[in-house]
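In the two complexes below, chain A is the common chain; its partner is chain B in one and chain C in the other.
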Partner chain A sequence: MLIMIIGVTLFPLIFSYYMSAHNMTILNFWNPVFIGFDNYVRVLLSTDFWASVRFSILFMFVAASAELLLGLFLSLFLERSFRGRRVIVSLILIPMAIAPALFGIMIKLMLNEFIGLVPFLLRQIGVRMNFFSDFTTIFTVLIATDMIQWTPFVFIILYAALHSLPREPIEAAYIDGASGWKVLRHVKIPMLWKTITLIAIFRIMDSLRTFDMIYVLTGGGPGISTTTVSINIFKVALIRGDFGLAAASTIIFFYLSMIVLSFGLKELRRAGVV
Partner chain B sequence: MGMSEEKSVPRRSFLATLGGLAGGLAVGGAAGWLLKPAERELRTVTERVAETLTRTVTVGAPREKVTITVNWFPGPESDAVAPIIDWWNENLSDQTGVRAELVLFGRAEHFEKIKTLLLAQSPEPDIVFMSYTVGAVWPHLEPLDDWFADPKRYPYTLDHFVPAALDAFRVNGKLYGIPTDMNTSLLLYRKDLMPEPPKTLDEMVEMARRFTRKYNPNSPTEYGFAIQGKNIWFNSYFWINLYVSQGGVPPEPGREIEFAESLNSPTAIKVLQVYVDMYKEGLSPPDSVNYEYAETNAALAAGQVAMALQWNAALGELRDPNKAPLVHDKIGAAPTPGRYHDNRLVRLQEIHVHGPGINKYSKRKEAAFRFFAFLTTLRFCLDYLEKGGFTGSAAVLDNPKAQKMRTEIPELAPVYKESFAMTTHPDLVPMHDILTRNINSALVGAKTPEQALNDARIEILQLLRD
Partner chain C sequence: MMKNSFFNRIYFGFVLLIIVILFATPIAFVIWTSFRSYGSILAGQFTTFHYSLENYINVLFNPGYAFTKGLWNSLVVSSISTLLAIAVTIPAAYAVARLNTGGGSLIPFIFSMRLLPPIIFAVPLFVLLNFSGLIDNIVGLIVIYTTFNIPLSFLVLRSFVLDIPLEIEESAMTDGCNRLEVLRYVTLPLLKPGLVAASILCFIFTWSEYLFALLFTIKNAVTINVVASQFVTQQAIRYGDIAAAVTVGMIPNTIFLLLIQRYLVRGLTMGALRG
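For the complex of A and B:
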């Protein structure tokens, strides 16, 4: 067991540091040249890397916030018992079960100007729209796609958490004359806070490293405007073949992610979870 | 316990299973009987290969068999080679002492898997299927020149291959693979709308405008052209072919720096300006900045685009009545538009190849080469083409039987004759990646064509000098 843990975690970690300190490509993989911190300097001076960090943060911020809000709204909406609720819950969960790359392909087909269902339906009502022609529409498509796929994750956890909340404080608040909004604001959300923080951390980390869906939909373009850090690292390693530079990018991005994560962990600590 | 379980099987289920098996056997037998004549016909070519090979490769009694692993590209390519390997094992393994076993990986990650295996110095597969990215893995491949130069080992000839196709598998002058598959891009056009395809860049733009509804309300197509503009590294090939056909420097082996330096030339800027203008003027769909193979095919198949530069592989799909019912009989193919020079039409475009090479770490190189030599025969090339693969053999492309079998060959042959080999430089893919990214930036207006090409020039030169 210990050997397995070392094999799958410790060795790749140490090897990443080793690669990052060497000029390592596919041609000299077995005889890489030691170059110290050169790769780190190249990454820190790379405009492509920082552009990808900027886009990843923007994507993370918009996608994670939107998914949290929509997931919370859906879980509150479906908290009440009504006919057909189970069917709706099951339908909401479907996109989460689809591989992100496949989901990206499905969206791409659905939005295709000539064969896509969405442009076809829009044309029926006299609207002509192209979904992949400029950054604003492409960004909207990417966020919407991520939301369709990952809001179910937020929803299902909050839905379960809402159902496990103690009923007494909620009922007491209603008896005291609190409105639905006040119960939500001052009773339910404070009780859900730990769960919300935990989900936020998951979604932030996940959307920060998004790769497959965006790669399938845009390839990181137009230009490099939708290149996430993961796409950037993939291109440096497997298209450019510069494993050393890719390893340095990975390590720098890991520490940048740690900064983001530390805020979440601080919040969890404050809430007494860790 | 076992007995009681056996007894518990319902009689009806047992009979149904038995009936199903008997029915399956009957259907299978009937299908086999019906397919037999076709199979016999297919085997005629391979039977002739058998005669040739048993005469030349093998001498004397059967030898001890060695099993080699042959890796191929999954998809139509592996479907084409699988029956030939079966045939080899049935007919030639005893005489040659070599039995071949086909090994496949997933199509999407094929080349990455090969890279990883070679990097890990894995002795298997003995024969690996590679691509134009040979420049990035050649230190892990067996140089083939000495093997081919030895008449005892190799009694055939490579002379029938398209020279540029062989060059596309050469690195530093040494040959590392055989071009069993050859690809390029073509100008696909609606032959029902234009009797003659545009021959020059100006004609192409004029034709694109004529078949764009925005400029010609009577146009049967919405757009005259579909640019493959997505920021995905191989999309630069289309632009390069246009540029080279206008007199630009081809990125052939050994001319990479010259090519990079020429990127800020007036010719390069003019060709990119044409691309950008076509996009801005709406001759190409607005989403085409995100187009690659599939989107371009969809646009052509929907009958809404009159022309596109597209990979030759698309022809099969677009001429299939089931896959492209609206246009299957209306798609023509021509070389990339060029220019007139001294009253002569000049067109030049790249070809790139796929094909097998020998793993440097193979422990059965001698046996692997015996099978490998067979892959270079005219007979193999014809058989492979017949079964759905392609070929890098000029002799096979000129063969009337091959031209009858594959109706696109007469259109492709002139393209291959006006071709150059794409560089096999280790930085081939990053070079294209840089160029595509900048072309894409120019298309969306993030950079001017001058800026985009100058940035590409600086980045590529930096890459090549590193």
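For the complex of A and C:
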């Protein structure tokens, strides 16, 4: 098993060093030419690459924090029991089950100007808009899509964690006259902190890697304005066919992700999760 | 706590309604669209209803679409890579949980494999698959998905092994079983829910995967997500067909997810939280 893991993960990583030091394109795939650090220089000087890094980081921060907040709100909102709660919880979970690529297509249909539900409703109140014209609107659409799909992730973990919290400290705080907000701020959130850290790391890493949903919805456009690093590398490799350059971008992205991940792993170790 | 006054209940119901609309509308809309006839969709009117199964018939039987091929490939690739990953990780998870093989750095390493962006592995894997002639071949996809299922299945199974009381195994040992017999006759039967949960999680992951499927396939090994995302015909965009394809594509995962709701938290956090 370890051989297989190394074969499919560690070896490619080492192999990408080899690729990144060669001029390796569709044209000279079988006999790449050694060019040293040229590919790295090209990546580091590439405005496209840094634009994609900037967009990925922006998307990561906005999506992860919005999902954490909404997920926390939902889990607190559904904390008390009522009839039909199980149905609502299951309903909220479903978007998470759908492949992000398919979910992107769904949203695309929803927003389609001819057949979509949202433009239709907006037309009823006299608003005509194209959801894929300017950056702000597209960015809002992308964040909203990511939120609908991945807030359930945050929600279900926090929901389960809230229900497994010991009741005594919470009840004691209420008896001592604390308000709902104060109990949340000073009792529940501290007890949930380890869980919140874990969820934050998962969401941060997952939104940093986003490919499927954005690729299906915008293809990285208009221009390159919604190109994440994943989409950038994908395009350099598959559409421009420049594997050496893609490998160099891969390695730089690997170290950037490792910086984020090492903070995460340190937090996890401190929380005693791994 | 909150007073159960009239206004409170109105507020509660209102927020609940918004939640339901937010999370259910995209899915409901696509399912609804998939049952509308071609003409009815193109009329752009939401007031004319004409339902038919033509989109499904089109998607499943029109030879111009590769949809059934994608569906079949997805089923084969997801099932085989799930089974392989589970088979490989049962002994591994047991060894690490009970004998502490690999020491303290193994778990963070495997955790990182799940958390790192898959694009990091994509470019070199593409070249390697190209060298070995496995591009556009489901064998290539199976090998890669099996590997990426291993961390998930391993960590989830490990957490299930840790849940089995040690005393049961110890008493089997004092009765004369060796380690392998304990694993086979004591641990494995107790691990059944864990095996089901881990398999389903692996299946969901593989079924949803898009990046590798898009990169490593051209025509023969395409998976359902790739087919569905490229569903544009020459004459006109057949929205109904797209909707039908998406609806079919989301069925297995939705059913599976609802089936293992109990173990969902454990699976989503790779066994870090029990839920």
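By our rule, the second predicted complex is superposed on the first by the 263 of 274 C-alpha atoms of A that agree within 3 Å, B and C clash if a C-alpha of one lies under 4 Å from a C-alpha of the other, contacts with A are read in each partner's own complex, and residues count from 1 in each chain.
Simple rule for what comes next: a residue touches a chain if its C-beta (ideal position, glycine included) is under 8 Å from a C-beta of that chain, and two chains touch if they have at least 3 such contacts.
Since the model is a prediction, treat every value here as computed from it, not as a measurement.
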Superposed partners chain B and chain C on chain A - clash or fit: clash
Which superposed partner A:F37 touches (first chain B, second chain C, both, neither): neither
Partner chain in contact with A:F61 - chain B first, chain C second, else both or neither: neither
Which superposed partner A:K235 touches (first chain B, second chain C, both, neither): first
Which of chain B and chain C A:F254 touches, first, second, both or neither: second
Touched chain A residues, chain B compared with chain C: C
Which superposed partner A:I88 touches (first chain B, second chain C, both, neither): second
First (chain B), second (chain C), both or neither touched by A:I115: both
Touching partner for A:F263 - first (chain B), second (chain C), both, neither: neither
Which of chain B and chain C A:I224 touches, first, second, both or neither: first
Steric overlap of chain B with chain C in the superposed model, located at which of 22-30, 220-228 or 310-318: 310-318
Interface residues of chain A shared between complexes with chain B and chain C: 29, 112, 114-115, 238
Sites on chain C touched by chain A in the complex: 1-2, 12, 15-16, 19-20, 22-27, 29-30, 33, 41-42, 44, 46, 88-89, 92, 107-108, 111-113, 115-128, 130, 143-144, 146-148, 150-151, 204, 207-211, 214-215, 225, 228-229, 239, 242-243, 246, 249-250, 253-254, 256-258, 261, 264-265, 268-269, 272-273, 275
Contact footprint of chain C on chain A as seen in their complex: 1, 4-5, 7-9, 11-13, 15-16, 19, 24, 29, 74, 77, 80, 82, 88, 90-107, 109-110, 112, 114-115, 117, 120, 148, 152-153, 156-157, 160-161, 164, 174, 180, 195, 198-199, 201-202, 205, 208-209, 211-212, 215-216, 229-230, 233-234, 237-238, 243, 246-247, 250, 253-254, 257-258, 261, 264-265, 268-269, 273-274
Contact footprint of chain B on chain A as seen in their complex: 25-27, 29-30, 112-115, 130-135, 138, 217-225, 235, 238-241
Chain B residues touching chain A - in the complex, by the definition given at the top: 112, 115, 119, 121, 136-137, 139, 230-233, 285-287, 289-290, 292, 295, 298-299, 301-302, 304, 426-427, 429-430, 433, 437, 440-441, 443-444, 446-447, 463
